[in-house]
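The structure is given below, and queries will be raised subsequently.
By written order: A, B, C and D. Residues from 1 in each chain.
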Amino acid sequence: MDVAVLGATGDIGRAICAELIERRVLRPTSRLQLVGRAGGASGRAAHGLRVDLIDAHDEHAPLIDVATSPDEVVADVIVLAAGQTIPTGGGRVVDRDGLAAHNLSIFQDYAAAIAENGSGHEVVVVVSNPVELGVAVVAEQIGRHRVIGMGAWLDTLRFRREIASALGIRRQRVSGFVGGQHGDGAVPLWSSVHLRGLDVAERRDVIAGLRGPRTLASFGAEIADAKAQLAAVEADDIAGAFALTDSWAPDLQAVVRPYLTHQSGAKTAFGTASATVDLVDTVLDGREIVVAGQVMLDGEISLQGSPWCGPMGVPVVLGPDGWRNVLLEDLAEDEEERLAAVGHHINSAIEGWTR
Amino acid sequence: MDVAVLGATGDIGRAICAELIERRVLRPTSRLQLVGRAGGASGRAAHGLRVDLIDAHDEHAPLIDVATSPDEVVADVIVLAAGQTIPTGGGRVVDRDGLAAHNLSIFQDYAAAIAENGSGHEVVVVVSNPVELGVAVVAEQIGRHRVIGMGAWLDTLRFRREIASALGIRRQRVSGFVGGQHGDGAVPLWSSVHLRGLDVAERRDVIAGLRGPRTLASFGAEIADAKAQLAAVEADDIAGAFALTDSWAPDLQAVVRPYLTHQSGAKTAFGTASATVDLVDTVLDGREIVVAGQVMLDGEISLQGSPWCGPMGVPVVLGPDGWRNVLLEDLAEDEEERLAAVGHHINSAIEGWTR
Amino acid sequence: MDVAVLGATGDIGRAICAELIERRVLRPTSRLQLVGRAGGASGRAAHGLRVDLIDAHDEHAPLIDVATSPDEVVADVIVLAAGQTIPTGGGRVVDRDGLAAHNLSIFQDYAAAIAENGSGHEVVVVVSNPVELGVAVVAEQIGRHRVIGMGAWLDTLRFRREIASALGIRRQRVSGFVGGQHGDGAVPLWSSVHLRGLDVAERRDVIAGLRGPRTLASFGAEIADAKAQLAAVEADDIAGAFALTDSWAPDLQAVVRPYLTHQSGAKTAFGTASATVDLVDTVLDGREIVVAGQVMLDGEISLQGSPWCGPMGVPVVLGPDGWRNVLLEDLAEDEEERLAAVGHHINSAIEGWTR
Amino acid sequence: MDVAVLGATGDIGRAICAELIERRVLRPTSRLQLVGRAGGASGRAAHGLRVDLIDAHDEHAPLIDVATSPDEVVADVIVLAAGQTIPTGGGRVVDRDGLAAHNLSIFQDYAAAIAENGSGHEVVVVVSNPVELGVAVVAEQIGRHRVIGMGAWLDTLRFRREIASALGIRRQRVSGFVGGQHGDGAVPLWSSVHLRGLDVAERRDVIAGLRGPRTLASFGAEIADAKAQLAAVEADDIAGAFALTDSWAPDLQAVVRPYLTHQSGAKTAFGTASATVDLVDTVLDGREIVVAGQVMLDGEISLQGSPWCGPMGVPVVLGPDGWRNVLLEDLAEDEEERLAAVGHHINSAIEGWTR
């Protein structure tokens, strides 16, 4: 079982490659393809990255080779991490329109090449942003069940970690998902949160304590307000800014803390890589696992009375052939409302970007 | 058992931190300290790195905290990866004098702080270059048996990998060490090379085939010549440059290929991190393992008839309390000559840098 | 998160304990409780087993303690491996009635103790046979969603492995489940089999090749016939008997080969332990994974037009709080018929055993 | 790199096979050979064990095959775990003469076959008892540097664990070795004990506290007395017997607690397997690690003024080609005396057994 990483030499691509080998997701007899662009810095550096990865892990590394054209991509699982990324450093704002404009043609080129040259069985994990756009573009070319966006899984892991942290426990004791759009359009599905070792009544109490009287109706405004507060602090006192976030509710932390991490000048490469490798591992290991991911829906769920179509983050059963069942039951009212609002927003944004 | 990484937010420091957690070298109940500099970019980014590492690995991550002053460093094993690094990108030359001038005060500051505030039991793994200078400075402050430089271990891993690659086997089937100075002053100890599954006569034949009629007397000149050949090719044809190295002898490849990797615009962060984490793991796991490392010798070995004093890469037994026995037996004549020459070079360079 | 193993000193219990520690399913800060019976050999040996496990794994072992009464059992996940097991050695027949008679009171004692003293959040993994009886008894006491039987997961792993073996691939490339009753009442769900890397048409061809023209209507008769054939060979030529099974269809192999393993004098302790630890790991690691297991159904599925009630092996989503959704869609006709027949058989057997 | 386990179907052999696969010491592309005896129960059960191991670990299991004659043994590392073992259950005494009489011909048969059919590069790890006899017999046939006995490593791990336990720390913080004869003739080398995180003066104090005023001169008598005390308690109160050992010094515990474990009816299979797999892993992984093991000495050390010859447990550097340097420096006087006494005892026992 082979994996190709498109955009392997970027900060995120490199972290993904390293973790794929490190976690032994790729066996010694399988193949890792590092994909850069001929004629660019990434095409040059891919050769050096190959040497560095073998230096690090020759004892158990897979076969590693380099490709510098979309046509050369051959793998069972393809990680789409190419393109421009969200910049780091103080004062930057995330310009999703700019990202979309830059990355659309990259998505299209790779999707077309996979459709044309592929085996017809590849599963594509979209990491690049806007992840919903990437999922839409690739799904159109190779079929929607073989494409999943990583963003909702990363949001989910962050949401669980913030809940865990607030309770002083480890993340694996928390389940529950984040759906919607990756970034500020995230929809924390509080109704799906379970805590290992609590019964229904205890869980309700604990979650009420964490969440307070807030509903998702105000979530967008809270995010904007939180960012404004951080902007006033972070330039002079980054430690203080992080401390400030500690007092906020877990769902708000899950969205705002990665933003602050970017402002600090750090990258979010490891969190992104870890979530990505989780999904690759799930596809490769033969089991079916419930994850959240951006998928192209075609009526599997209904929101506010209508079957929904379009790319959106939801919990799905992911396995070797891609995703199947959507597991989104018993949504709370505010969750359904926000999912619908975010979904409309995604669909109209994509319409604008691809017009 | 706690680990501090000085220079945690650099490319190498980040890769070390990630691999320490990823490989479970640090347990969930231990502590990882990310050390940056107050008032600088590294101090800001350390806070963001902390969030990113926890996002990635909350299930099993150690406690992670941030320090922004040498005085705050507290750990059982301290990884010294702070300071300026060798630049990447075509056409750069490694300026060890410049590195030394820049990093000397960093070595001194941290060494003094560890000596003053430390428990007296820390083991320091020096990653920054010039590694021999770092070892000398730290050894003077905290005692020589608790300081080891990572460079010779990385050189060793690369040497073994090139031999393995030439024979079509995995690195773990090859033993043998590289000593001397990290970089162009490396001394490949062919006499220490063993190959799993070969008897003495077979080994001699295989090594003769790999090595050809060359001795180490010409090794320095070969390196210079190889770099000149690569410089003529790499700018226009990086793949061709890497292919060119494939035809060279393993010891030459081990020294020149990392140089070419830097020229390609890639970093050698993963190889460096992996070698570093090997040493940290060895110190933490309670066993004693034979590794190569830069250590401050005080007569443990004799070269050309005289007991040797000064920092140099040699095979040692490394364990929880640092290094003890040097295992350097039956050196070949050319090895002893080159070790002595390189040793003189190191000692005089350090004298110059620290004057 | 703590685990108790009831019947820890039996061959299967011992293998489970070792694998729980070996695979790091239990962290160093968690607890493993070895449960034997006061006054019996298992109560004595539990103390020695504790020493042996710590000797083996002190570097990362959890806290290990010994309990010798059902009332002392305290854990988040409880593995029920106590009681009599299927004997090994040539010529033995599996006497499920005898097992049931012997193990019923053990199931009842532990279930009552867990219900009375437990936290109300335990998940119980039933390993002992008849597993469907164990599930029924425990579910009645503590609620059905917190009890799962391991048998269908072991059958599933064997079914996948036989398919994989026939195709010359690794098990993780095969998905698909076995439901029904553990042992001769297994129902291989061919309709759920997927093969990584094949599209729908290819998969249909490959499966048709493996399965031949057979349907499950004849499966019971095939098992009986296969055992008769093996009985004629195994006493004098065990290698020949195993070779004979190699020519049979994967579903038949999956049921008959474990029988032959018992006849050879070997145990099936490692396969059993591995499947059990998979389930424990799933419950502890915070993710939800699709597995097969014996669960107490209460109308989640319909067979031949009627909602089904009673213990039966089916694919479920298993997570930290136990199992939820049953994922049994689009059954083939012969699968539904055999599931119904086996289900009636289970229900009437349990009625007989518990009368 | 392939491994053969002689005596694979015994309790210890089975645990070794499982752990070799579980710990991924054997890669998926390597081979594990299960060796039993044609015409006996072990030959039959080896076929079943093969199926059970694959059932458990098909995702990453090596190729597994069965051999039923010494002539068929082919591997890079051979684990000699065949023969009779120390019985479990209350009131049994260890009869080393009986073991020797029974196992000598097994040692001889396998050693002769390896010498005749082998590649000349095999490393043999002797697990069966008397381990010193096994080492002597095999060393004579295939050369002494390719044979190591596991007993001293197991004794070492137990000694470290008891020290760690007394101090409330994990075993990896303790180094130090046990040499001599496996069992009651063990020689705890207190002078080699280091404790991670303590300086020389602190270590001396802690060890003095653990050890009391005792020297090794009385160690043999202490062991005999301890066993007598336990015999008076264990039949009626096994928990009390284990509790009694808790009050004893670590070196005494290290020798007596395994004896009591056997009396409890438990086996010491996991501790034995873990120590064995450590050694196999060391040989396979390409590094050189300092371990204790029974090796055939030929003057590498001097005891009481004379170079020592004969099989004895000592610290050695173990690597892919077997063992080389003995690291036994600065013995305390009582250690040297007991090593010499035990060594004479071993040599004369072997003379008796092989006469």
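Basically, contacts are C-beta pairs under 8 Å (C-beta built on N, C-alpha and C of every residue); 3 or more make two chains touch, one makes a residue touch a chain.
Just so it is clear, the model here is predicted, and its values are computed rather than measured.
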A correct list of chains touching both chain B and chain D reads A, C
Among the remaining chains, which ones contact both chain C and chain D? A, B
Among all other chains, pick the one whose mean CA position is farthest from the mean CA position of chain A. D
Rounded Å distance between chain B and chain C, as computed from the means of their C-alpha atoms: 50
Taking each chain's mean CA coordinate, chain A and chain B are separated, in whole Å, by 35
Touching at least 2 other chains, the residues of chain B are 28, 59-60, 160, 171-172, 285-286
Listed in rising order, the residues of chain A that touch chain D in the complex are 24, 27-29, 59-60, 285-286
If you look only at chain D, which of its residues touch chain C in the complex? 9, 14-15, 18-19, 22-23, 28, 41, 43-49, 51-60, 66, 90, 154, 157-158, 160-161, 164-165, 170-172, 238-239, 242, 257-258, 260-271, 273-275
Using the touch rule from the top, collect the residues of chain D that touch chain B in their complex. 1, 76, 119-121, 160, 171-175, 194, 196-199, 284-291, 317, 319-321, 325, 327
